[in-house]
Amino acid sequence: MTLEVGVLGYRFMGQAHANAMARLPMFFPDAPDVNRRVLVGRDEDELADAADRLGFETTATDWADVVDDVDVFYNLGPNHVHAEPSIAALEAGTPVFCEKPLAPTLEDAEAMAEAAREAGDDVPAGCAFNYRFVPAIQYAKRLLEDGELGEIRHVRGRYLQDWLVDPDEPWSWRLDEELAGSGVLGDLGAHTVDLLRFLVGDDDLAGEMKRVSGHCRTFVDERPVDGEGGDGDAETRPVTVDDAYSAQLEFENGAMGTLEASRYATGHKNDHTIEIHGSDGSLRFSLERLNELEVLRADENRGYETVLVTDESDPYVDHWWPPGHVLGWEHTFVHENYEFLSSVASGEPFAPSFEDGLATQRVLAAIEDSDDRGEWVSLA
Amino acid sequence: MTLEVGVLGYRFMGQAHANAMARLPMFFPDAPDVNRRVLVGRDEDELADAADRLGFETTATDWADVVDDVDVFYNLGPNHVHAEPSIAALEAGTPVFCEKPLAPTLEDAEAMAEAAREAGDDVPAGCAFNYRFVPAIQYAKRLLEDGELGEIRHVRGRYLQDWLVDPDEPWSWRLDEELAGSGVLGDLGAHTVDLLRFLVGDDDLAGEMKRVSGHCRTFVDERPVDGEGGDGDAETRPVTVDDAYSAQLEFENGAMGTLEASRYATGHKNDHTIEIHGSDGSLRFSLERLNELEVLRADENRGYETVLVTDESDPYVDHWWPPGHVLGWEHTFVHENYEFLSSVASGEPFAPSFEDGLATQRVLAAIEDSDDRGEWVSLA
Amino acid sequence: MTLEVGVLGYRFMGQAHANAMARLPMFFPDAPDVNRRVLVGRDEDELADAADRLGFETTATDWADVVDDVDVFYNLGPNHVHAEPSIAALEAGTPVFCEKPLAPTLEDAEAMAEAAREAGDDVPAGCAFNYRFVPAIQYAKRLLEDGELGEIRHVRGRYLQDWLVDPDEPWSWRLDEELAGSGVLGDLGAHTVDLLRFLVGDDDLAGEMKRVSGHCRTFVDERPVDGEGGDGDAETRPVTVDDAYSAQLEFENGAMGTLEASRYATGHKNDHTIEIHGSDGSLRFSLERLNELEVLRADENRGYETVLVTDESDPYVDHWWPPGHVLGWEHTFVHENYEFLSSVASGEPFAPSFEDGLATQRVLAAIEDSDDRGEWVSLA
Amino acid sequence: MTLEVGVLGYRFMGQAHANAMARLPMFFPDAPDVNRRVLVGRDEDELADAADRLGFETTATDWADVVDDVDVFYNLGPNHVHAEPSIAALEAGTPVFCEKPLAPTLEDAEAMAEAAREAGDDVPAGCAFNYRFVPAIQYAKRLLEDGELGEIRHVRGRYLQDWLVDPDEPWSWRLDEELAGSGVLGDLGAHTVDLLRFLVGDDDLAGEMKRVSGHCRTFVDERPVDGEGGDGDAETRPVTVDDAYSAQLEFENGAMGTLEASRYATGHKNDHTIEIHGSDGSLRFSLERLNELEVLRADENRGYETVLVTDESDPYVDHWWPPGHVLGWEHTFVHENYEFLSSVASGEPFAPSFEDGLATQRVLAAIEDSDDRGEWVSLA
């Protein structure tokens, strides 16, 4: 059986997923066969060009024509078009893989999760938090599940970029609340919250996040519109989302957490770091060195050990190259596509699900709410 | 002229300062001559032994006999004996160098700062925040003062230790609110807050801390009393201070800050790290590699540059060894003693002063207060 | 025009190149179209299976049937089958891409280079030293070509693996002089020598390697034959190649070099490091962190700056992902296939050529010769 | 009993040792009492000034008056005055502590070792290789002695500085063969050779160095004389020593070694690194991070573990500060003075001895000899 796939969105994420699908046969021979059937977008010229480059059979400009006509629907569009097509697909019984954050608003996310629940377990609805599928993160997860870190006490997550440092960097849809929902919270914070939930969210580890205190800030209030003006009074548009956020967390087991993200961290390009301290050990991970995990087990180590997670026994690595032949960022998409498509084929549930996407959304909303109110907010 | 020095306290800090004084003549020949005149403590046997080892002429068991009989008074005792002897010395016109945190309570700190104000500018009252005197930190300060980092956006400070990870680690006075005032807040957080105030507190950088949101936690509520019990029901005592804290900050210029400290960060011994992002550059420092500063200037660097701050042109380094011959933790005490004693000899003001100690205390108190109230607290 | 490609070899290198060809259309749209026409090997079953997985139209068991029937011939077989098929292809006017080391013996390498010369410039004969195509290495090359390092004084290259540490690791063809030609010299040292030639071999940098002093050693003289024995007297076979080598170099400009490789460097998986010191700056690179280059320019830096070579302006990176979204080992094959196939299509020369492969071979032979004779050997 | 100490030399090394002696009472209370009795030098004014600063009772301009009048003689003068005063002292039965390298020539070194032998075991003759006394190095030694690294296969030592990169850097006595004996070989290479002998020289580890192949080079042949000239034709003097060297080694057990040192390694100030690979583990050490040792044990670690060697249980650390309170370069002198003076007081042998100094000298001479002859040289 070949899965006919329809994909909405052909830019960054469109390419990342198309590439992932294209690589499955050579490296994951037990993955379901996939046909890149139809690419959905609005601009017909760009769309045709993209379909050609990304290997799609055909194109469509209306997702409504697609969602019940394919075996799987990928929603890789901007945040404000996540809800409606995804819900329509699920209502049609079509499995959906939706990019993160699940939705621009908590309400949308709830509606999406509800649609997934109603579609039932054999219609997987996945939220594409790709960083769960870094081999080093899966390796960390194994250590945590095996109890190697003991009782979790501290959790730290931080996602630093610097592409807005220059106040003349032009305005984009990502800076508009209507279109993006939020700024770094949804774009970067969503990754961090999901990754921490994945790693320590089990009941016998830290459990769910119980309370949060948030802090959001917009450093530059308006930005020039690209390519316009030129006669001395260049047009600007307001920035209506957060440029940076920080948060403090309390987990169910009493562990403390601190979160942070920014687009103003000069010199940092894509620096997503996770740190965990438990009574028996500690872990550190940085996305810019994604083949490595720093591990400290109190009974064996006196300092962190830099594990190069590229051995045949490491998660997913047996599909690729010999030890020390490092993988890149895009491999996370191959792994998540493998898992998601296998779930579709087998009708088994997939995680991270829409439910996971919603749980993350609740934390992000609570951070914003806390920032508004100046006090801690419970996630009861 | 030789300064006659009286020192209260002969343990860890007593040794660190006595060593510092002993090393001045060989490495800082322009420092005032110092005579380690009298060492003050309660246990006469231990005291005699310490005086011999640390090079003091004589001993005393009552600080009241000492404070107006010496040219300088060092208060290196536990936190709960900081206020009374320091105030008595200042009232006698004797300059005081007091270990950090300035006092166990905000009230005590205010009284001490008031006594310092009344004693006047020519009676220096210093709070011994030694980390200001790490060459790499002074080098960072120079860069910041020169505006090399531009507008400050993010500040991060974190002090991690792990000596309480084991719940069987015995109770000590540091875990008692009456004796210590607080836990990690005063012991570790005080260093972080002072260092950040020193580095970015100037009005044309981030300015003072304006608002804080705090989070404190005690992970282990009671601990065994060392050396007691043995008949099956070992005595325990309650832990009445914070084992860990985190905080979010807003600075006057709008910069965001996050702070953290813990005694439960498995594998970290004395890991005090500072990170700063400005519009033109970023800095990173870690106390466990105190000879290094990581510097990123956006116009020159694409990544952090690891500067080994041991050149002759670096702060204090011309007093020591050739480039690459690294210094240790204790050298910070030599530098601060040099500066403090020079202030005493010249009658010039010294920083960090009691006023600085008080300012830090206010931040720590606000963090505790915020944690109690579950909301942000202003430092107006 | 579509290039019809024939490939000899379907294991590790076969997969690396097939994957590279498969990825060109999506990421390098200006690359020539490629048809994976025929896969050549001896075991028909394995071959059929590999052709299916690697996307080849058909298979052949005799390379002689293939070399003049395709537009390009890839020779990815073991070292002892490099010479004959490559020469036959070139004689047929078919461009050849041959894996490194060029040949098991200097004589073979000379014959191959001679065949390439006779085939002429419009029949590219490339030697697949893929590490030239790491973006960070190309970035280093730019710095060197721009004279940023000044006069080259020191060059260091080292390739460390550990898969032979265990004396019970079974014998393989790589340990047999007849089949492999040499041990680490050809397998690892060839990469190092080529990379250094590429980086500093220009006349206005260090120039060619002029003299070498070599040291080779076999630590374990015989190894068990895998899967045999079991009745107490397991068969072993002799190891007839070098397990490790070191060398000292003198370059034409007087620069000094040291080289090293081993399969006994416990804990190192694929650690290929290059270090260069010039009068104006220094560089460091490590393959296990291949997205990074450490750069020190004496007029700007006091320490090494860790450059994450993933910006749009960096070599090849505009074809891939945004800054900070790191690449992996396999991307070097995409880059070299892009360059080689473009050369084939345009009839332009390609480097590294068979001539480069031969130059490297001469250095390796001189190292072996020097080791035999116990004295320096000139490469006049 | 108080040891009366006479010291020849009052510059860099004079200060390093005087400081070390001054610090013993406070930190090593069981060390012998030491009286800095007499400081020996030629320039009376400078000498008087130094004696005052370094805490000596008196001065002398002729070492001959001193060597049999003190309990211990420290020879910290330039290399060409190592032999005669040291031999005279030993002949007078006075223990000698001589800076490295032991002597400018192998002949001198042999005469010195002979004098030490004749003086007998209860007259310690120490060669001040201070890097043996870094806690991290002693910790490494423990691991090696306990067999934690298994069979030693590879040893690497490298000492990089950059103070001669600029060709206008003035001439000094260190660049004159008559006065210095050699360049980097004696100044830096001596440290490396001694450290490797200390760490792996035991018979059940790698054993002694058996054969060497050396390479020496002078990059800048003459240099300006400081402070002279100015009328357009500044005087220069020839550089008659090596600016850089490399060497290959074979140890008794068959292990391979590579050595290197340079004063032209742009950006490196005092970068002495040691790396060892054994069948069961690997080690790395760098002097610029001297509180750390990177350790990899194959049965426990997958990567190097960065051990901060500052725990109470670590060598010498219990004399100093709590965990994580790092030591500096100068502490190595305190440790070696403690050990040497304790040997003097007890009449026990001290290592590194003149015999060790001579053994190192033999290796250095063989490297030079090999460089001259262009072939390997045996150290039978």
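Labels for the chains are A, B, C and D, by order of writing; each one numbers its residues from 1.
As a working rule, a contact is a pair of C-beta atoms (placed from the backbone, for glycine too) under 8 Å apart; a residue touches a chain by one contact, two chains touch by 3 or more.
Everything numeric in this text was worked out from a predicted model, so none of it was measured.
Note on C-D: its contact pairs, compared by residue number with those of B-C, A-D or A-B, agree for more than half at A-B. Set against the Cα centre of chain B, the chain with the most distant centre is C.
At the interface between chain A and chain B, two copies of one sequence, more than half of the residue numbers in use are shared by both copies.
If you average the CA atoms of chain B and of chain C, the two centres end up 55 Å from each other. The distance from the centre of chain A to the centre of chain B, with each centre set as the mean of the Cα atoms, comes to 41 Å. Chain A and chain C have CA centres that are 37 Å apart. Among the residues of chain B, those touching two or more other chains are numbered 268, 296, 301-304, 308, 311.
By the touch criterion stated above, chain D contacts chain A in their complex at residues 292, 296, 300-308, 311.
Remark: chain C residues 12, 15-16, 18-19, 22-23, 25-27, 29, 53-55, 161, 163, 268-271, 287-291, 308, 310-311, 320-331 touch chain A in the complex. For chain D in complex with chain C, the residues that touch the partner chain are 153-154, 156, 160, 165, 213, 215, 217, 219, 244, 246-248, 250, 254, 256, 258, 260, 262, 264-268, 277-282, 296, 298, 301-304, 374-376.
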